[in-house]
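Per-chain residue numbering starts at 1, and chain names A, B, C and D are given in the order in which the chains are listed.
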Amino acid sequence: MTALISEDLIGSLNAKARTAHEDDFASLDRQLSRRGIDIEAMVERAMGWSVAVPTWGVGTGGTRFARFPGPGEPRNIHDKLADCGVIQALTRGTRTVSPHIPWDKVSDYKALRQEAAQYGLGFDAVNSNTFQDQDGQARSYRYGSLAHADAATRAQAVAHNVECIEIAKALGSTALTVWIGDGTNFAGQQNLTRMFENYIAAMETIYAALPSGMEMFLEHKMYEPAFYSTVIADWGSSLIAAQTLGPKAKCLVDLGHHAPNVNIEQIVARLIHVGKLAGFHFNDSKYGDDDLDSASVDPFRLFLVFNELVDAEARGAKGFNPSYMIDQSHNVTDPIESLMGSAVEIARAYIQASLVDRKALAEAQAANDALGAHRTLKAAYLTDVSPLLAEARMRQGGAHDPIAAYRADGYRARVAQERPEVKGASSGIV
Amino acid sequence: MTALISEDLIGSLNAKARTAHEDDFASLDRQLSRRGIDIEAMVERAMGWSVAVPTWGVGTGGTRFARFPGPGEPRNIHDKLADCGVIQALTRGTRTVSPHIPWDKVSDYKALRQEAAQYGLGFDAVNSNTFQDQDGQARSYRYGSLAHADAATRAQAVAHNVECIEIAKALGSTALTVWIGDGTNFAGQQNLTRMFENYIAAMETIYAALPSGMEMFLEHKMYEPAFYSTVIADWGSSLIAAQTLGPKAKCLVDLGHHAPNVNIEQIVARLIHVGKLAGFHFNDSKYGDDDLDSASVDPFRLFLVFNELVDAEARGAKGFNPSYMIDQSHNVTDPIESLMGSAVEIARAYIQASLVDRKALAEAQAANDALGAHRTLKAAYLTDVSPLLAEARMRQGGAHDPIAAYRADGYRARVAQERPEVKGASSGIV
Amino acid sequence: MTALISEDLIGSLNAKARTAHEDDFASLDRQLSRRGIDIEAMVERAMGWSVAVPTWGVGTGGTRFARFPGPGEPRNIHDKLADCGVIQALTRGTRTVSPHIPWDKVSDYKALRQEAAQYGLGFDAVNSNTFQDQDGQARSYRYGSLAHADAATRAQAVAHNVECIEIAKALGSTALTVWIGDGTNFAGQQNLTRMFENYIAAMETIYAALPSGMEMFLEHKMYEPAFYSTVIADWGSSLIAAQTLGPKAKCLVDLGHHAPNVNIEQIVARLIHVGKLAGFHFNDSKYGDDDLDSASVDPFRLFLVFNELVDAEARGAKGFNPSYMIDQSHNVTDPIESLMGSAVEIARAYIQASLVDRKALAEAQAANDALGAHRTLKAAYLTDVSPLLAEARMRQGGAHDPIAAYRADGYRARVAQERPEVKGASSGIV
Amino acid sequence: MTALISEDLIGSLNAKARTAHEDDFASLDRQLSRRGIDIEAMVERAMGWSVAVPTWGVGTGGTRFARFPGPGEPRNIHDKLADCGVIQALTRGTRTVSPHIPWDKVSDYKALRQEAAQYGLGFDAVNSNTFQDQDGQARSYRYGSLAHADAATRAQAVAHNVECIEIAKALGSTALTVWIGDGTNFAGQQNLTRMFENYIAAMETIYAALPSGMEMFLEHKMYEPAFYSTVIADWGSSLIAAQTLGPKAKCLVDLGHHAPNVNIEQIVARLIHVGKLAGFHFNDSKYGDDDLDSASVDPFRLFLVFNELVDAEARGAKGFNPSYMIDQSHNVTDPIESLMGSAVEIARAYIQASLVDRKALAEAQAANDALGAHRTLKAAYLTDVSPLLAEARMRQGGAHDPIAAYRADGYRARVAQERPEVKGASSGIV
């Protein structure tokens, strides 16, 4: 294993924090005990948790107006893996990375797998890209890809996805995530039904190429880059497509891809109900697909999503086995810091949701005690599980405070030396 | 046939408008001819069009803050039928009424059918009501109905819907519309999945009572009266329920029941794609379920919905046979006027959508000529088809200007004499 | 002082909770000490906090579809004061009530003041009502009140507000809150500018009647009951009106009266900047003006609002002296329980915001350390201050767990006996 | 004058359309005459109308995901002026261009003015840019510009705006438009009030540099590029700033910069009321700041905005003198076509609003005839004024159908030869 961050540093920082941590942890233990909760079981649970980091997430993002890269931007998949390795080393809850093709293409995937393993990392869902044109590409995706009016362009997009399946096999990944930007900017630009039919037909060809044990995740999004209509704009469209394709096709929920005010946790519940929940792209948002850090805008919403997940797990919902990924755009922060912070916040929501007294909740629900039921959820949400999460990290060799340790280590300054700035370059999505 | 509005009056008003009308109609004819459109075929089409009027729509509506009834409020289904008869007499495009049970319950449905027939009216979908408590009702719907935590309450709501099916049979109606307000005001108040399961199980019992030839329309709504979650909040939930229930269950689209910014015409396209479009509750809205007059806020959106319908008809989409109903709340206008105006605007959107040059549209789409395709739609939308709609009305005995004729007739003042004000009474939904 | 809830009961329940409470409180004390925060100062701060309860809030609310009253609904202002007294007795953080005229009109306001004082209550802002018609009222508010097209109707609405000022004087209240429903349901229904001019002219007359020391709070709302336009729809319109009226006129912020996605805390900051923040109507919402319990939908948003308030207090913002009121609709809960729970959650946000390390925050901001600054806020938000709030309550004679104590006491069952159900009656807004 | 499009071609196409046009125009004339409207006066009005074209609008736009440039992209301000000249030559309603600095910087502004004059173009408001970093710039705008935490960065942004004022003087422009992207992506990232104070102080310095006769337009925007808060997020913030700065500062309304569902026409009315309406950036949108073609999403909304403008003009509103500019992003169309189409649609809304029978409207409003008033507006909106607009264009030498003429001319193919593709280059905002 390659140590990207000094283990001595982590150890000494953790040691400094030890006394206060132990007091806080013991206090939480006594409080949870009084509520009938075994803190050790919860620490185990926290240690078992992991969320995938997207390779593109370690580069600085931007908007259509501008992108302001920081020092030490990763230049390629190798730099990105190292950055992801830092996140895992300090948080111990991000054991896989989710690559993006063609940005992360290499000649030797076996070697890439070994490289990742050196950092304690495996590969999660592979993401295809048919929303940008690549150099030398025969046909443009200006007017769409899998749903394009022209069959040859659709075929090109299908071939790219089939290639991604091959790469996923080589990387040991068990899922292909398909998000397309296809849609229209004008009423009438395309026939809404024909686009959907084109999409489904193209997806059927890709589906046919899925090997046994590999799934296909369909990602819906309300708008952007298309601003009048989007082919897979909502979970209803995603569900119809997944139903048509077959059991290996499931619906991915990105928290920022919904209409304003929508109750996302109920969408999650519905997808679980029909056995079609693929998993998540975690982020937070206030306006549109803002791709902000998870739990930075509405932490209670994230908790409520996890409440559905823990409930489904508890009742043994059929076919329930979601994948968890972060998908954020870090425009004004060090991406490594944002991803570490987000990984911690997502784990927090998971553990808080695990604290819900489900027996008391069910009783209040049966009695139509609306406030009692709500307060049962809130009791879990209000619990400050920070010491529990820190304990889980430290037991696995991670940092008491990952961001503080990262800053103390100086990793960013170090790689800034090694990675010269490339004018105008972007690590993917701006 | 009972003449609610003086036929002489209609005749003399139409005669006065004749010269100008003929000039406008002839001008439109020449313009359409140049575009290859036969105005006579369009007049026929307009004459064939009909949208149902909701019986509750002829009473003044309101909000949770207040309701301000006007003179001559209908006191019962008999008054309501007369008011609906006026609308049909003047517009000739509202040949059915959609009743609401228990508000419109009577002892003799055969007689009610004859009473309606005297006004040239038949019965459209019957609407059940489990969102209000009725006097003497055993169990309250405070916490829900078909999705209630308690089986006995669910059974009561099921029985009410089964009774509605019987009434529908007696009235010659071929559909039951089920809209429930069930949901929660607090996260945790109920288990989101269990509510959905309760709803589906209850609906299965109702479904089993449907006679041959009768369909069940599921109406989704994002929120109100429940403000945290609603069981059938979106078309995705509606679709899962309809799929589970079977072929007689379809999804109704109310234009005001969606999240902000949602592309409604694409939802319509998706429901047509899976053969599950039940039909519409027409109204318009700016903020929430405002239930404003159709086409008063966003007439282009209504046109785009009809563009999908006319397209589906033109391509012979499988199972395409939607029902059309108005569902509005008239808080500050004479409801008869608003309903007549809305009936005309809906017919306008239907005819404008029928003018779209679908061959040119398809060619522009195939060529990715986004602006050309859009302009093809817009050319139809910008056409002022008022003379064509007036011609269709007049050929059937209706009024050149229904609202002007209604005002000239003095119907409202007449019924205000016959219908004394009932303090605090409401004709249904406030 | 009249004891509405058994003080013995409160005492014995608090005693039972004592051991666990002391452990939790001591743990929090040690944790806060390590962060340089004096828990005693915070307890003092919590003890000094108070939020007004609206008299109409203790009755069950509803929607335009239905209202489902519970047992023991208050029949008049006397019942309402008792219910408010219960809330104060148990939470010790609701020392005033905000009355609504004409619902709370009495013949002897001096006696009413004494009656309230017996429960430890005073009077906060008086709310006028020109959105409903009252029996015997000369002119209807169907088409508006202070902005009505007709001068006589405007004068009637002005006179009502002037009467409210007199009542406020008699009750020792120092503010009049003016919320009007005036607006339109149709584009063109009224001239948008003329309505605004009518409103301002009417308000100027009311303003002139304000005695020294009394302020006027203008409450804006995006929509409902008007669904196309509302005269005072946003804080910009509210601000123009308040600026035109003079220094006694200020802008009230109701958390549920904004457009979707709006950054409310920044609106609060802007109103503080111009010295025009009147105060708040607290509630929470997911879709529209849902009037849900405070902090039940988005507790972090409430915290961020208080972060602005505490920041303004800390920097001594000029003219900063907001009033705090709850304004909720309790449709499915016991209103007393909801109001107690909400009072606690609002106090929680206030205390959490008081924990923010403002020096560290300012340093992070100066260094553009976006994540560091955010984490400084989050550290305060994640702190579970429940023991601190409970301590403040108990030191003042309140309950460790107000809702549990209320349930144990049986107050609701008791008043249900004394207050017979009135068919069809509403305590105000449904 | 340089003829960019063959005048012979325009003449021959117009001649071909003549017969049909004359029939349609005469029909409209008769219809309007019956409504008491003089078509000649309206043609004059249409001929007097003009809207500015943004220089950046003639380049292909994009999103953060991708930009798909088309053939013949303009390489510099000279190419852009030619493209704008084409738009003016064919539509005759776009007599000015709005430049963007530094993108359109040249060494000789006098020459540029002459170059523009050759195409019949003058210069409208100059737009500054502090939302992107330029090569060689001393300080980055990553964390803001005029509201930056650091005084030196603010000073740099001030200096840029002062330079823009100088350029505006040289170009004969009478306004500076200031839109900044300043804001935050995280709660707490900056102090919301301090940012606003920084902004105002910086703007005061710029304001001081305004020469006599030049105004400053403040452009608010809800979000993007900042996703948690934006300094000038709404018209309320814009208004406070404009009030603080002085009479030369006014508020610009971009149709796509508002919260969902907001009533934009009422905001326009409010800004007119306080004499602070600077003017418009026209575009249309369905979700966020989609920057779609004007009137392509909600043409009735555009009409309602113009209804306010025509009403203000008719009543002689004090200080009413707005500037009109298009601001769109053309991602999937030929920008010249989109801008011509948009110019026509904006003129359509202007003329339709001019057709409103304001006397009948005022009478209906005075009588609270909500539906009558609304129908008065709708009568104007439903009028197909296409022949009137075409007549106004042709009388000035423009094309009966600008887009058809443009396509027939082959301008795009011609410039595609002259303007080689520049890899990765953008004409400004992607």
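Basically, contacts are C-beta pairs under 8 Å (C-beta built on N, C-alpha and C of every residue); 3 or more make two chains touch, one makes a residue touch a chain.
Just so it is clear, the structure is predicted and the values come from calculations on it, not from any experiment.
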Chain whose average C-alpha position is farthest from chain C's own: D
B-C against C-D, pair bridged by the larger set of C-beta contacts: C-D
Distance between chain centroids, defined by C-alpha means - chain B, chain C (Å): 39
Euclidean distance of C-alpha centroids - chain C vs chain D, Å: 42
Multi-chain contact residues (two or more partners), chain D: 142-143, 184-187, 189, 222-223, 228, 260-261, 263, 286-287, 293, 296-297, 300, 332-333, 368, 370-371, 374
Residue ranges of chain D touching chain A (in the complex, touch as defined): 61-66, 68, 131-133, 140-143, 181, 184-187, 189, 222-225, 227-228, 260, 285-288, 290-293, 296-297, 329, 331-333, 424, 429-430
Parts of chain B lying in touch with chain D, wherever the complex brings them together: 20, 23-24, 27, 30-31, 34, 260-261, 263, 286-287, 293, 296-301, 332-334, 337-338, 341, 368, 370-371, 374-375, 381-384, 386, 403
Chain B partner contacts - residues on chain A that touch it in the complex: 142-143, 149-150, 184-194, 196-197, 222-223, 228-230, 233-237, 239-240, 258-263, 265-267, 269-270, 272-274, 300, 304, 307-308, 311-312, 317, 361-362, 364-366, 368, 370-371, 373-374, 376-378
